[in-house]
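Structure first, then comments.
Chain naming follows the written order as A, B, C and D, and within any one chain the residues start at number 1.
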Amino acid sequence: MGSSLYWLQCGGCSGDTWSLFGSETPDVVELLELLEIEVLWHPSLSVASPVEHRRILQRIVDGELELDLLCVEGAIIRGPGGTGMFDTFHGHPKKDLVSKLANRAGTVLAMGTCASFGGVPATGEIEATGLQFHRKVTGGFLGENFRSRSGLPVINLPGCPCHGEVMSGVLTALVTGGQLVLTANNVPEQWYGMLVHQGCVRNEYHEFRVEEHDFGEKGCLFFHMGCQAPMTYGVCNKVLWNRRNSKTSAGVPCLGCTRPDFPREHPFFKSESIAGVPLKLPIGVDRAHYLAYKGLAAAAAPQRLLRRETRV
Amino acid sequence: MGSSLYWLQCGGCSGDTWSLFGSETPDVVELLELLEIEVLWHPSLSVASPVEHRRILQRIVDGELELDLLCVEGAIIRGPGGTGMFDTFHGHPKKDLVSKLANRAGTVLAMGTCASFGGVPATGEIEATGLQFHRKVTGGFLGENFRSRSGLPVINLPGCPCHGEVMSGVLTALVTGGQLVLTANNVPEQWYGMLVHQGCVRNEYHEFRVEEHDFGEKGCLFFHMGCQAPMTYGVCNKVLWNRRNSKTSAGVPCLGCTRPDFPREHPFFKSESIAGVPLKLPIGVDRAHYLAYKGLAAAAAPQRLLRRETRV
Amino acid sequence: MGKVRITVPMNRVEGDLEVRVEIADGVAVDAWCSGTMYRGFERILEGRGALDGLVLTPRICGICGISHLRAAATALENLAGITPPPDATRIRNLTVMTEHVQSDIRQSFLMFAVDFLNPVYEATPLYGEALARFQPFKGETVRQVIRETKKILEIIAILGGQWPHSPFIVPGGLASQPTGESLLRCRLILEQFRRWYERRILGCELERWLEILDSDDLDGWLEEREEHWKSDLGLLLRLARQHGLDRIGGGHDSFLSYGGFPEPDQEKSKGKNGLFPAGFLLDNEVHALDEKRVTEHVAYSWYVDYKGGKHPGDGETQPYATGAEGDKYSWAKAPRYDGRPAETGPLASMMVAGNPLFQDLVRQNGPNAMARQLARLVRPAYFLPAMQRWLAGVSGDEEFYRSNGEIHDGTGCGLGEAARGGLGHWVTIERGRIKKYQIVTPTAWNASPRDSDGTRGPMEESLVGTPVRDPENPVELSHVVRSFDPCLVCTVHAVGRGKKLGRLRLSMTK
Amino acid sequence: MGKVRITVPMNRVEGDLEVRVEIADGVAVDAWCSGTMYRGFERILEGRGALDGLVLTPRICGICGISHLRAAATALENLAGITPPPDATRIRNLTVMTEHVQSDIRQSFLMFAVDFLNPVYEATPLYGEALARFQPFKGETVRQVIRETKKILEIIAILGGQWPHSPFIVPGGLASQPTGESLLRCRLILEQFRRWYERRILGCELERWLEILDSDDLDGWLEEREEHWKSDLGLLLRLARQHGLDRIGGGHDSFLSYGGFPEPDQEKSKGKNGLFPAGFLLDNEVHALDEKRVTEHVAYSWYVDYKGGKHPGDGETQPYATGAEGDKYSWAKAPRYDGRPAETGPLASMMVAGNPLFQDLVRQNGPNAMARQLARLVRPAYFLPAMQRWLAGVSGDEEFYRSNGEIHDGTGCGLGEAARGGLGHWVTIERGRIKKYQIVTPTAWNASPRDSDGTRGPMEESLVGTPVRDPENPVELSHVVRSFDPCLVCTVHAVGRGKKLGRLRLSMTK
């Protein structure tokens, strides 16, 4: 047994790689050992010479070397003018390499929001896109109908970066034959089935509508500071980052970085709102009911919250 | 520099010791090294012979060996009839040893609810009590006016067991000269200034009053299952246990184990309630306001929560 | 040379235990084990909610709380006639065993092995190596044990919320449904622990260890490769032999195991008893376990006397309080099976399960301190494959909890293996409240005082005949006592309510 | 022997870099560094909210995002005339340095040291030792580096929420107020890391290292104790000398440092420049830094030409798209200071700061690969005491944020040291939105292509003159390139909006 893995970095920041390096029990080295994953290539870590590397690539493309897992980090850059020459590898567009490898791979994983949906690069003019999605729209670089050898579409693991424990969990599932339940965005629901808001330590501020208006305050970041946690799927407040904390816990609004529309157009750190009520409400709530209830909730807020007498 | 520490186990389960062993970055061995703490004695770990041990004790009592930190785990057993003979050490009541050591110690720490408030043993008939509290009432074994050499009362670190990261944090503060802010229960507010409910992953269920009625369901455990999280101070849902999880996150109601009245009289796993509304409400809320608002909140609950379409 | 009475040094045991030994001509000729703390736990439970044992009984012991939790849940299931769903059984087995594994490893290296650093051994060949590995807080093995046992406990936190002390096992199953990704993470943690255990503790793969079927095999294994010889187990074995631990610490030769790792699919495995079956071994014959044959004696315990033994379900617990206690010397009662004392724990489990290696070791030398400790340290080798099998077997599609409504009135009994041996809970519910709760812990069996017939408890008996070179530093006795892994925080009997308690005069040595 | 052109093997660098070298008679005679990716990051920022650079610019680089974050916040503070409160400055310095430290250690052992495992060295004396420690995924140092660098990053998670990519540094201070217990935890983590770094990396206490003031001291230190010789640093030094890394990898001898670790109390430290001051070192003379003297050239970059250099605030970035790019060969522009190329990074910082050891090393051999890497690997020794000092200095009583309302229109500049050297952000806000954003990264300085005068960039220059034994396996060149720790994910220039882009024909070797 044992699975082979090729990690390709395209238009990204390598943040997903470093996020994976933050995973623990097992750490990344132990993970690869436990899952008996053979890393054919990782740009930051492999010791193979370019000659060997090109031979590995050729053997994969020729079907001589079986590629089980293709992990792509970063957006696929198609510019300028569809040539892909904004991102080259040995003089050739890297996007061509993506195609070739994807067609050989057992499973293709989009590590992070850039590879999944295009992310930040897709908002520029380098014709960047995700592997099989362009922001909210299916298609992307490989096209709506792409299926890897395993019959699966590209498995999207969004997040900017993707949470290390999510990547290691999904790799474990794939290697050990676990079943992934994919959402409409081809995201495994097991790791994206809860909102970032669920488990936020500022939940009481949210409940009683005790609001933060500027940095450094204590309060809920949703009403004014642009926090996307109630509209964003992710485990950030259940599986802590670096096993310690999360952005909202540290007073940083959720940026909505697992969403296909990340980065949103509206300025960060500000909620789009009318008369003090955010335009975007927590997923699934009815506006009229919500407003009525939030009014009463604010009236019921205990003094300890209004006075911020809490270590949250 | 360097501090000396003596760890005394009285009427307890050694759970606080093992909880401390679960702390991480640093782990317990590293913690003691970093803080340059010399462990004069720990019952499970010390290698000193009984002869040496008694010599150490004698030197502390005689004032020849300076004792900086006295950590007491477990309740002080005073029975039967005030003799303390239900818990002896070399034929003598252990409580006498507690007195002697406490009078010499720089700082006295009550590790866990038993040592702090009496805990489970205090509900029995062995005349057990906390070091300086008997459940909610100040006094306990050492008396209301006790002060250690440092001028501090006994510092209570409740929890059954106390969270390992709390113990290691408070030890760090004491050794490095950090300032503790003590509440009325002599609990350091820095580590007990938030509710267990703050950061619970089931917070949306709570907000919209989506209730759990039996084990194995998804929903808020407060309304029927006796969850004490909104009435209990503790960092369980911010500083995860074993760096992984918390009881409420695993569907286990908060037992209120840091409270002076732990274990409460009412059966666990059941909320005391009238007409489906718990008698005890989250700390600080006004009953009338709360009921009105919770009614509206339940009406505003999104379908995804009602259908439990979430991985929480 | 006359007789001396000494108290055996007892640091590094969980709980409060004092052992006195009488030595004549350099040999222990008698012994008394005293539980020195009385916590009255069972009495606390009376009158409380039917489920409250789930919360309170684990507080008896911080290192084996899940064994209590499961016993409490099992007792209520026994009362109510509920069988938990197969996946819940898998998870329960897994978490109980996880706790055992951490306890086995921690006891071996944070407690047992430390005695090899006794000054008396300073000039012996392996002392330096032992010091480098086993020195408290500093030894390389100690550091790794702290790190790795912490990691395997993450399995319990993932599935149950936290360790120690989360009541996630409930009558009917589990308090919540583990998610698929939690189970995957547990698989990784388990596999990672297994590899560490193989590499560091055994020095070989589990499969190789499991090929060892008798003491010749054991010798062969030890010599076979440097990795075996040098592993922590290898070193412990060499130290134990060098210091003669295979020749001390006998006992009554009667062994009790409660089993308690049922195969999940009880329909299919009917009649079978799961991994490490329950049973009572006497004179090389295994008898099926019948909890009715368990009794407790108080002739030498600080409780009001009654005749002979009583079944825990009928037991009384009134601290003896007249001030004239005579020969009484322990807060532990004396549990007996069929009227006989019985050793329980890893060695007993191996013996009852018919493990050929341990049967051979005991056949040759009788029970002894080395065999007892070896059984504890290699128990994970037998557990880990089953833990992996059960974890992999969790389908996740099925229920983890079967609701049973309120617990009705009745009586139930929950037996199972805790890390230190057989643990039993007996509960009676009346009008939805606990009427009576009795707990017989493993250490109550092993560190039992004498019974009505004056027969010593297993640990007492095992001390008799031990040569003691220096009564001022009786390290041999310490090895024997530690080989039982005693945990006296479990001596938790109940006080009669409303009884006015007089002053107890205790005649302790020293 | 004729000329050959080769592409230098470039695995294990962050980002996309291709280096071509011309070799004649076994010596590199010319070199070209190409950034092979264009991400158009700055253009993405145009038109966005004034604060959005805090979120977006860290996404340029996953390993030094906090440097970008701080530069973005500083640029806005510069624009708005805000000074963050002293405690906020302490925390910022601390977290930026934490990120540097993890990067320095990871680069040294996950990237740089791996080249010593090149097959060409297989028969050399230290190969076995290097393999045991530095083999990817397996070496003991590699495993420890992964474990310990992860731990020190917990400091950033505790104070900022997560790493990588949390915008917790904001104009005016920090997004939230660190709690006292968080700060205590950070102190422990920092002290723990320091001890690991001392024990494992240095082989001595920081204080001892800081006594080394010239190359004789360095030799003396290396020989002084086995711990020094055997430490990871000791081994790296021995390998570097064995393979002549102290004699390759020269350069222009001009060094740029942006400083950027201001002392918190700016009133008291007025005039002082904090740890590792900003400056430009040319011909052994340090010149005060003036950001106005920074320009960028595009003569050899794939952008529409302009004459000479332009200040980033005035810069244009139009990808050259006519199909006739001539000599252009990189997506990186060519930054110049006072019209000159400049090396930036740890060695440059040491030189500008007047560190006697590194001044001596460079005086003797000129800049070289060994000195460059040594500066990186020992930089934590200079950082850690300051980090501890700042952390201990956080009073916690004072504010961590000074509100400044909306960011008004204007232009600001934020300069500071990133892990790889000087990083500059230039921002223009108009009507509350970003009108223009220009970023000049450290690797843009080091891996710069030629400028309008045809002067090579520092890395290009450093390659010239390097002996190359085997053009098929030019490991010497690899050492030199890696000694700069190049990170080309930073070549992020902007595309002119609405411009129709034609097809680019690129003449790459192979």
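Keep in mind that, in the parts below, a residue touches a chain if its C-beta (ideal position, glycine included) is under 8 Å from a C-beta of that chain, and two chains touch if they have at least 3 such contacts.
Worth saying up front: this structure is predicted, and the values here are computed from it rather than measured.
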item	value
Any chain that touches chain C and chain B	A
Of all other chains, the one whose Cα centre sits farthest from chain B	D
Intercentroid distance (Cα basis), chain D paired with chain C, Å	57
Centroid distance [mean C-alpha coordinates] between chain B and chain A, Å	38
Distance between the centres, which are taken as Cα means, of chain C and chain A, whole angstrom	47
Junction residues of chain A - those touching two or more other chains	24, 33, 190, 240, 243, 249, 311
Per-residue overlap in chain C, given as positions that touch at least 2 other chains	154, 179
Category of the chain touch graph - line, ring, star, complete, other	other
Pairs of chains, among all present, that meet the touch criterion	A-B, A-C, A-D, B-C, B-D
Residues of chain C touching chain B in the complex	7, 9-16, 18, 36-41, 43-44, 48-52, 54-56, 59-63, 65, 110-111, 114, 117, 135-138, 142-143, 146-147, 149-150, 153-154, 156-168, 170, 172-177, 179, 319, 321, 331, 399-401, 403, 472-473, 489, 495, 497, 500-504, 506, 508-510
Complex contacts: residues of chain B adjacent to chain D	25-26, 30-31, 33-34, 165, 168-169, 172-173, 176, 178-179, 190-191
Chain C residues within the chain A interface of the complex	151, 154, 179-181, 184-185, 187-189, 191-192, 195
Residue ranges of chain B in contact with chain A within the complex	24, 189-190, 193-195, 197-204, 206-207, 237-238, 240, 243, 249, 282-286, 289-290, 292-293, 296-297, 299-300, 302-305, 309-312
Complex contact set, residues of chain B against chain C	9, 11-19, 21-22, 24, 27-29, 32-33, 39, 43-51, 53, 77, 79-81, 83, 85-91, 119-121, 123-126, 128, 160-161, 214-216, 236, 240-252, 255, 257, 263, 266-270, 311
